[in-house]
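Order of writing sets the chain letters: A, B, C, D and E. Residues in each chain are counted from 1.
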Amino acid sequence: MTLLAIIIILFAGGLLAWLAERYFQAGGRWISLISLLFTTVLLTNYSSFITSTEAITDNTWWDSLKIPWIPRFGIDFYLAIDGLSFLMLSLTIAMGIFGLIMTWNDIQFRRGFFYFNYLWTLAGVAGVFTAIDLFLFFFFWEVMLIPMLFLIAVWGYERRIYAAIKFFIFTQASSLLMLIAIVGLAYIHYINSGQLTFNYNILLEAQVPSDIAYWLMLGFFIAFIVKLPALPFHTWLPDAHTQAPTAGSILLAAILLKTGAYGLLRFNLPLFPESSILFAPVAMTIGALSVIYGAMLAFAQNDMKRLVAYSSVSHMGFVLLGLYALDTIAIQGAVMQMIAHGLSTAALFALVGALQHRLHTRDMQQLGGVWSKLPKLSAVALFFAVASLGLPGLGNFVAEFTVLVGSFRSNHWLTALAAIGLIGAALYALIMMQRVFFGKLNKRLEKPIQESNTADLNVRETGALLVVAALLVLIGLHPQPIFNISDKTVQMSVNKIESALSFQKFPPKISPLQVHSSRVEPTSIEDNTP
Amino acid sequence: MPIETAPGLEAGVLLASILFCLGLAGLMMRRNVIFMLMSVEICTNAAALMFVVAGAHWGNADGQVMFIFVVTLAAAEVAIALALVLQFYHRKHTVDIDQLNELRG
Amino acid sequence: MSAQELLAILPLLIISAGIVILLLQVSFWRGHRGALATTILTLLLAIISCFWVTGNLLGDVSSIQVTALLLVDHTSLFFCLLLFLTAVAISIMGFNYLRLRCDPRGVSASYPEEFYILLLLAMLGASTLIFANHFATFFLGLELISLALYPMLGFAVTGEISPKSEQLQSLESAIKYLILSALSTALGLFGIALIYSASGSLDFNAIASRMTELSQSSTLFATGITLLLISVAFKLSLVPFHIWTPDVYQGAPTPTTALIATVGKGAVIGFLLRFFNTLDLFGSEVLIDMLAIAAIASMLVGNLLALMQANIKRLLAYSSISHIGYLIVAFLIGKSTFGTEAVIYYLVAYIVTTLGGFAVVGLVADANEENMLSGKHPQEFLIDAKNPYHREFYRGLLWRSPWLASCFAAMLLSLAGIPLTIGFIGKFYVFTAGVEGQMWILLGGVVVGSALGLFYYLRLLLIMVQRNETAETNSNGTLVIATSGQFLIATLTGALLLFGIFPQILINWINAL
Amino acid sequence: MQGLLAWVPLLPLIGFLTLVAFPLFNRHEPSQRTVACIGVGSIGIAALFTAIVAISVFWKNPSEIVNIALWQWMLVDNLELGFNFYIDWLTLVMLMVITGVGFLIHLYSVGYMREDADFRRYFAYLNLFVCAMLILVMADNLVLLYLGWEGVGLCSYLLIGFWYKEPANGAAAQKAFIVTRIGDTAMAIGLFLLFYEFSTLNIPQLTAAIDGPDINNEVVTVACLLLLGGAVGKSAQLPLQTWLPDAMAGPTPVSALIHAATMVTAGVYLIARMHPLYLLSETAMTTVAFVGALTLLLAGFSAIAQSDIKRVLAYSTISQIGYMFLALGVGAWSGAIFHLITHAFFKALLFLSAGSVILSLHHEQNIFSMGGLYRKIPLTFICFTIGCACLAALPFTSGFYSKDHILLSAWEFHQGINILWLAGILGALVTGIYSFRVLFLVFLGREGSASSHCNDANTPVMTIPLCILALLAMIGGLLAPPLQAVFGSRPDEDHSAWIEGVAIAMPLIGLAIAWKLFIYQKKSGEKRSSIMQFWFSGWGFDWLYEHLLVKPFKSLAKINHNDIIDNLYKGTAALSRQLNALLSSSQNGQVRWYLATFAVGSVLFLALLVAL
Amino acid sequence: MNFIFYITAAIAVAATTMVIFHRNAVHALLYLVTSLLAIAVIFYQFGAPLAAALEVIIYAGAIMVLIIFVIMMLNQGDSTVVQEQAWLQPRTWIGPALLSALLLVQLILLVSNGQISSTQTFHYIGPKQVGIALFSHYVLAVELASMLLLAGLVGAFHLARRKKINPGESSNAN
């Protein structure tokens, strides 16, 4: 019930925030904050699972809720939480609060509607991270996009419509491929077992002919790497990030991108272990190339937000690399990277937003020497830039290091290639510091600074940023709890893959006829519901 | 009561096809709306011819019944069409169908 | 013809009686509201009779043959019900439309009441078409719809109250539809005649009994079927027979547009389901290939055409082309009950959404018209932002009329197939059907088409949420929609969300009927 | 008592955090006195703790090893990393150098930076640096070492670019970070390889693991070379040496601490720490030795050509570290560390003296503008002279002992005259030349343009460290640390006297040459011969890299600024628009055209039927 | 008998061709009537006297007269012939003609592939049989046909109506 309550609170909070706008202007953000805090309180229900990860029974899920939804298709409203979901959910809510606080005063236009969309995005994402029915997962996957679309399109910057539509078409078109794959998987399972279901737990056991499985896996894969985003489907990201309002960028970077990685880990690897093994070299190549390419493009940008956006491409490339290394350490690293990247990039976007709010530009050619005027902001920016380049002792390092150590075991050369991305990270992070914060104060800035009586970070912003910074340091120095929480989920995937590997080594005797019977005989989906 | 030495069904079909295609050609090449209506009538009539021929071929009344329905339709259609043509002429003072291109794109 | 047979076609009889009563009522006492009331009453009675007939179809009596011409069964009754409900909505839309454009006293020679007679005639045709089990009734039903539609398309021609441009466009759409439809009818008739030549019968059952013989022996039969299919494709506006659609949709009075887009297509789909099932044409690869090609072409061409379209009615027209393309995907898996279910579900989704879309467009235009008539705004059609059918008119609508815009947004999202709406479930059905039939190319077409579709749906959606850049466009002001219209839109949106979130309700109904 | 060691890195960290967090709790900037107390005090206490532990624990037992386990860092699968410290004599030596020299330089900085507005930021960075450096040397696993390694890199970056308003400083800082990052990446890959091979990154476990019977020597070689990459980057050896001369853009005490005494020698420490690994691979050892030999010569010649006092010192640092690498390469581990220590003393002394000169001359750094300063700032002159003597390894200075040790080891390594030894000898000559050149040009000879307005800027906080360092530089030769427990002892061999003689003679010859060439040189220095110009530019490495790597990368980035891949999608969108235009033109409103399309459609459908 | 069929068929085709190519509307209409009469003869030959009669009465009689009526109402004068001449250039008709020819070729290909022999006998179906069919089997269809006519009536009634008081516009409308 807790899970349902979390999602409902977020949805209801969104509606309330919208309606409250009519009565008092600032209502929306307070309602949002209260809803988010309330969900945080609800999340603490699971604290017992965190502290004693070992002691739980062999049941994978900490908590689950199953309500029949569309019996015709065997679809349930099935939410469940395990370590990975918990981590992602916590990240979602934490970053939701962070984004809210960082942009407390940013929104002037139609605040109520803004917070409506904000909370609904979060609710959708929370649904994505907890849905265990594949149909429900897809449902939430789509639901989170619409409010995000509005966030970009209404409160965005100059080319917001273009960016919003691009964002939406990319994710939607790819997710349709996933829908086909989901339906295909359920249908094959239906043919084999006569039971029509979209339940993840059951579909894990589905026997899928290997060549079909490969295509289904690709369907999922494309949907997820578009969201991730990885080469060559990343181009929506810079536009969406750049044009989105600060809060939108924070959500996008910290949370929405993670849904792709989450999907890969939750669905792709365990559902299609054999195909994943076959596909791993390709996926790792994509990951490594994303790392390099993203870093290179980040270096080339003039727009600060674009720079951070491309750095996301680079960082998420590590996630892809780690996941498809099919190695415990690497996958754990990928999970860590999801969290660390969420924190660091969200903070960077918040900072760019704060900068733009004060100086009305994010073009690095118009910026420069900001440190002398805004020392606090600059120092914090330095911290997060450094985090982003993977300085040891901060979360990103732990993540990148474990990813690389793990992937090195599966593929030396690709890992070495990806490691070059570390140099790239240094390049773009430092060039940003140099062009924006160091150097002489840009002459173009003198006017806005004088006019607007630009103030440095205030207590609210400083507090929020410092908490995130502290979290990054904490993760960097003591990441073990997170490793422990996600351990079970990761182990599950790895076990699946290992058993598939051993299956490949010692395949049971199958008559050639069976091997080639990959084209399943069509059977109609009959209605079995009473 | 069979009729002897009647031309074959194939001949009827051929004739109907030719007439239909002529009607279609007329429809496409004439710009005068009245001519277009006439061409439509030719097409409809070709179909009607088919029904009668086929009815004769199979020896049941269905063909002629359908013929009657087709004629009914043709009459009703022409009535409405002519009403529209009149309105068209009153408003545009022409019967050129090409002048009817406000809606496009 | 037994009493049981007569009772089975009770809906038809009620509609016919309604037509006659309305005719008499109008000739003695002209009154807009009265006509509307009679119409709605007739339709409601027909709806009730549908249920009643369904109640009779219990146990082993799953269908009733009414002479050789009609066959009443569950599916067709469901279609009837659906279309009658649609007709109720259209009559409400029509009322709002005619209220402003027709002079009740007839001074300017434009009476609104004929609209309802024609509407009922079209409904009679539609239900005949659905029940048709014989080419005669098929042909008569189809033509009844068409003949009722011609004057409805051109309805705005008479009378001087409607804006001049509307009159001309209405006329143009009527003439275009008439000429093209007449040709398509002739072609279809030719096809029927060929089928008749080959089989010697016009009765579906009789033809079905000779199917194996026919399909092997001659191409005459196949040619006939193909020509008939072309005619049907024209009515469904499948590519390459789609070309009339945008012009006719744009020019026609919006309620008529809604009628032609929903009833006109729904009835044909209903017929096609029965026709293909009875004759077992799903086995014919040529026909399936033809339909598949037409479906893919429809999805792609429809969406591509809509891409940059600024006129919303045209946009909806193009989108309806592509939606029928999607529907055909579900249709193609054919025989199984699942295929039928998928087609019906998608059709319901399509009808609800299309109806909603046109209702919003029509009512917005009506509200604008009312503003103009009351002299609040000068008549300026030259500026895009002042043309109620232009995209720019909707700029910032969400801030001016939030509820209306929200409903329209829901419609657009449903058209785009986004969750929480019925359109999503419809699309899910299409995908499931496609997977079941393993029609990967078609599915690819659906994906590409949907991606293209997103662009224009979203652009319209996003225009509605845009801030007004200048005060100039702000002057459109708040749009006040008539209460009946509000009710209609709210109901449609409610249905759209209800069936989108809890599809099982509708699925149960489909399977129960 | 051993627990105090855990406080050693923690104290500077606390200092750093206090300084950084200051504005959070206080609206006003803290006074310089407060900042100095926190900044210097934390290091001072750390130094004190180190000394206490050294005396109480290690003095008695040179083979003592202290393990301090703080907390578990990572435990994933078989990757087990602790946040643990491992202290043996090698570490202790480093600790003492870092805290001791660090403390002195901190103290000096109080004086040097007294007029800077960013006093607090300076000390925060400096404290953070010390903390990171301490973690580097105390780490018991390579990842923790890497943490410190990158941490010092970051601080180096921050301090080089400390005066951020000057874009050139920022560029230098960036260059330093990125060049070292290249090495670091190699090192990281080396770590991955080691983990892949040995399933552990813990240093004691690793050294235990390589005793195993079946060790893949190729892997070890590759791993060693990769680690060497890291060392080369951080210690500014060939081919990654280019950043260090530019790094002189930072405040002079920073150059003393980071770019002379501590951070740049981290590479030496790393290789010394990993010496069991290197012993397995002859290739790696040879490479290290040759890198060192080559670097010491190249940098030495470059130093002769420089005109900026700090750049001279920078090149000399590169050159001296080259000596250490040479020592490492020939297996003279303790020799290398010994030289590291003495070098830390005298180079810190030299830099601080140079700093005092610079401050006195109001930030004039060109040696050709100086001259004859010995009268104006005598104390500085004395200190600088001591430093130069040590640098040139004049007999009985600390530099002499350590360098001699290295040269002898090089001699021993190949049992006779060999390239490495020759390089070392030649290097000694060059060292003599450039060190005395700068001494003569700055303090003796005619007065330069800047000399006239020289005010002695030394304050007590500056002179005290100078004096202590001078003392240490003098007597440092006696402080050879007992590292046998770490490296194992080697039997001393007798060397022919002439070898010693050559080693002693070379710096003296250098001194003579310098006297001959530079004592009366005209104060222009702008015109250089082409070879000098070549040396001045650091053997053209910068130019080479600029054209080979930087420019291609930049232009590639510029070309791809708009993301070529996006064109794929833009193209798709454009194509869709084109198709839309095409199809829209088919909707031309002409009924007869519509009829024609209808006919065409029918023809197509029938054609399908005919064809099938 | 076949001979007569071919003659009448030729007349029908020729007359129809004249219809679509003729420049004068009234003349074209007369050709159309000719064509319809020829078809009526063919109906008769095929043993469908009722159809033949209806063809003449309704098609040639009623519908064509309706069209003539409208032509006269429009009363465009002699200029129409010139106008039609201008509209009917070879350039405009060659394409449609080719397209139709193509369709015809396809139809012939498909239809003549059929197995139906041309020597089959035909049956005479008199008015009585048709009448019985109409009012037994097809009684519902007849009712629907009446609705069809009603639709035509209502539609034409609505569409043809013009403003009652209309001094400015042409008075020949009603």
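In the analysis below, a contact is a pair of C-beta atoms (placed from the backbone, for glycine too) under 8 Å apart; a residue touches a chain by one contact, two chains touch by 3 or more.
Model, not experiment: these values are computed from the prediction.
Number of steps on the shortest path from chain A to chain B, with steps defined by chain touch: 2. Removal of chain B from consideration leaves all other chains as one piece through touching. In terms of the distance between Cα centroids, chain D is separated most widely from E. Among the chain pairings, B-E comes first (most C-beta pairs in contact). The chain closest to the protein's centre is A, with centres computed as averages of CA atoms.
Centre-to-centre spacing of chain D and chain E amounts to 100 Å, using the average Cα coordinate of each chain. If each chain is reduced to the centroid of its CA atoms, chain A and chain D end up 38 Å from each other.
In terms of their C-alpha centroids, the spacing between chain B and chain C amounts to 27 Å.
One simple way to say how far apart two chains are is to compare their mean CA positions; for chain C and chain E this gives 31 Å. Of all residues in chain C, those touching 2 or more other chains are 136, 140, 143, 147, 150-151, 154, 157-158, 174-176, 179, 183, 187, 194, 197, 219-220, 222-223, 246-247, 455, listed in ascending order. Across the assembly, chain B contributes 9, 13, 20, 23-24, 27-29, 31, 36, 48, 53, 55, 57-58, 60, 62-63, 65, 69, 73, 76-77, 80, 84-85, 87, 97, 100-105 as residues in contact with two or more other chains.
By the definition given earlier, chain contacts exist for A-C, A-D, B-C, B-D, B-E, C-D, C-E, D-E. Put simply, chain B touches chain E in their complex at residues 1-15, 17-32, 34-35, 37-39, 41-42, 45, 48-49, 52-53, 55-65, 67-69, 71-80, 82-87, 89-90, 95-96. Within the complex formed with chain B, the chain E residues making contact are 1-2, 5-6, 9, 12-13, 16-17, 19-20, 25, 28-29, 32, 35-36, 39, 42-43, 45-48, 50-51, 54-55, 58-59, 62-63, 66-67, 69-71, 73-74, 76, 80, 84, 87-88, 92-93, 95-97, 99-101, 103-104, 107-108, 111-112, 114, 116-125, 129-130, 132-134, 137-138, 141, 145, 148-149, 151-153, 155-156, 159-160, 162, 169-170, 173. Remark: chain B residues 24, 27-29, 31, 36, 97-98, 100-105 touch chain D in the complex.
Against chain A, the residues of chain D that register as touching in their complex are 20, 23-24, 71-77, 79, 83, 143, 146-151, 154, 157-158, 161, 164-167, 170-171, 173-174, 177-178, 181-182, 184-185, 188-189, 191-193, 195-196, 553, 556-558, 560-561, 563, 565-566, 568-569. Contact residues on chain A toward chain D in their complex (touch as defined above): 166, 231-232, 234-235, 238, 296-297, 299-301, 327-329, 332-333, 369, 371-372, 376, 379, 382, 386, 391-393, 397-398, 401-402, 404-406, 408-409, 412, 415-416, 419-420, 422-423, 426-427, 430-431, 434, 437-440, 462, 466, 477-480, 483.
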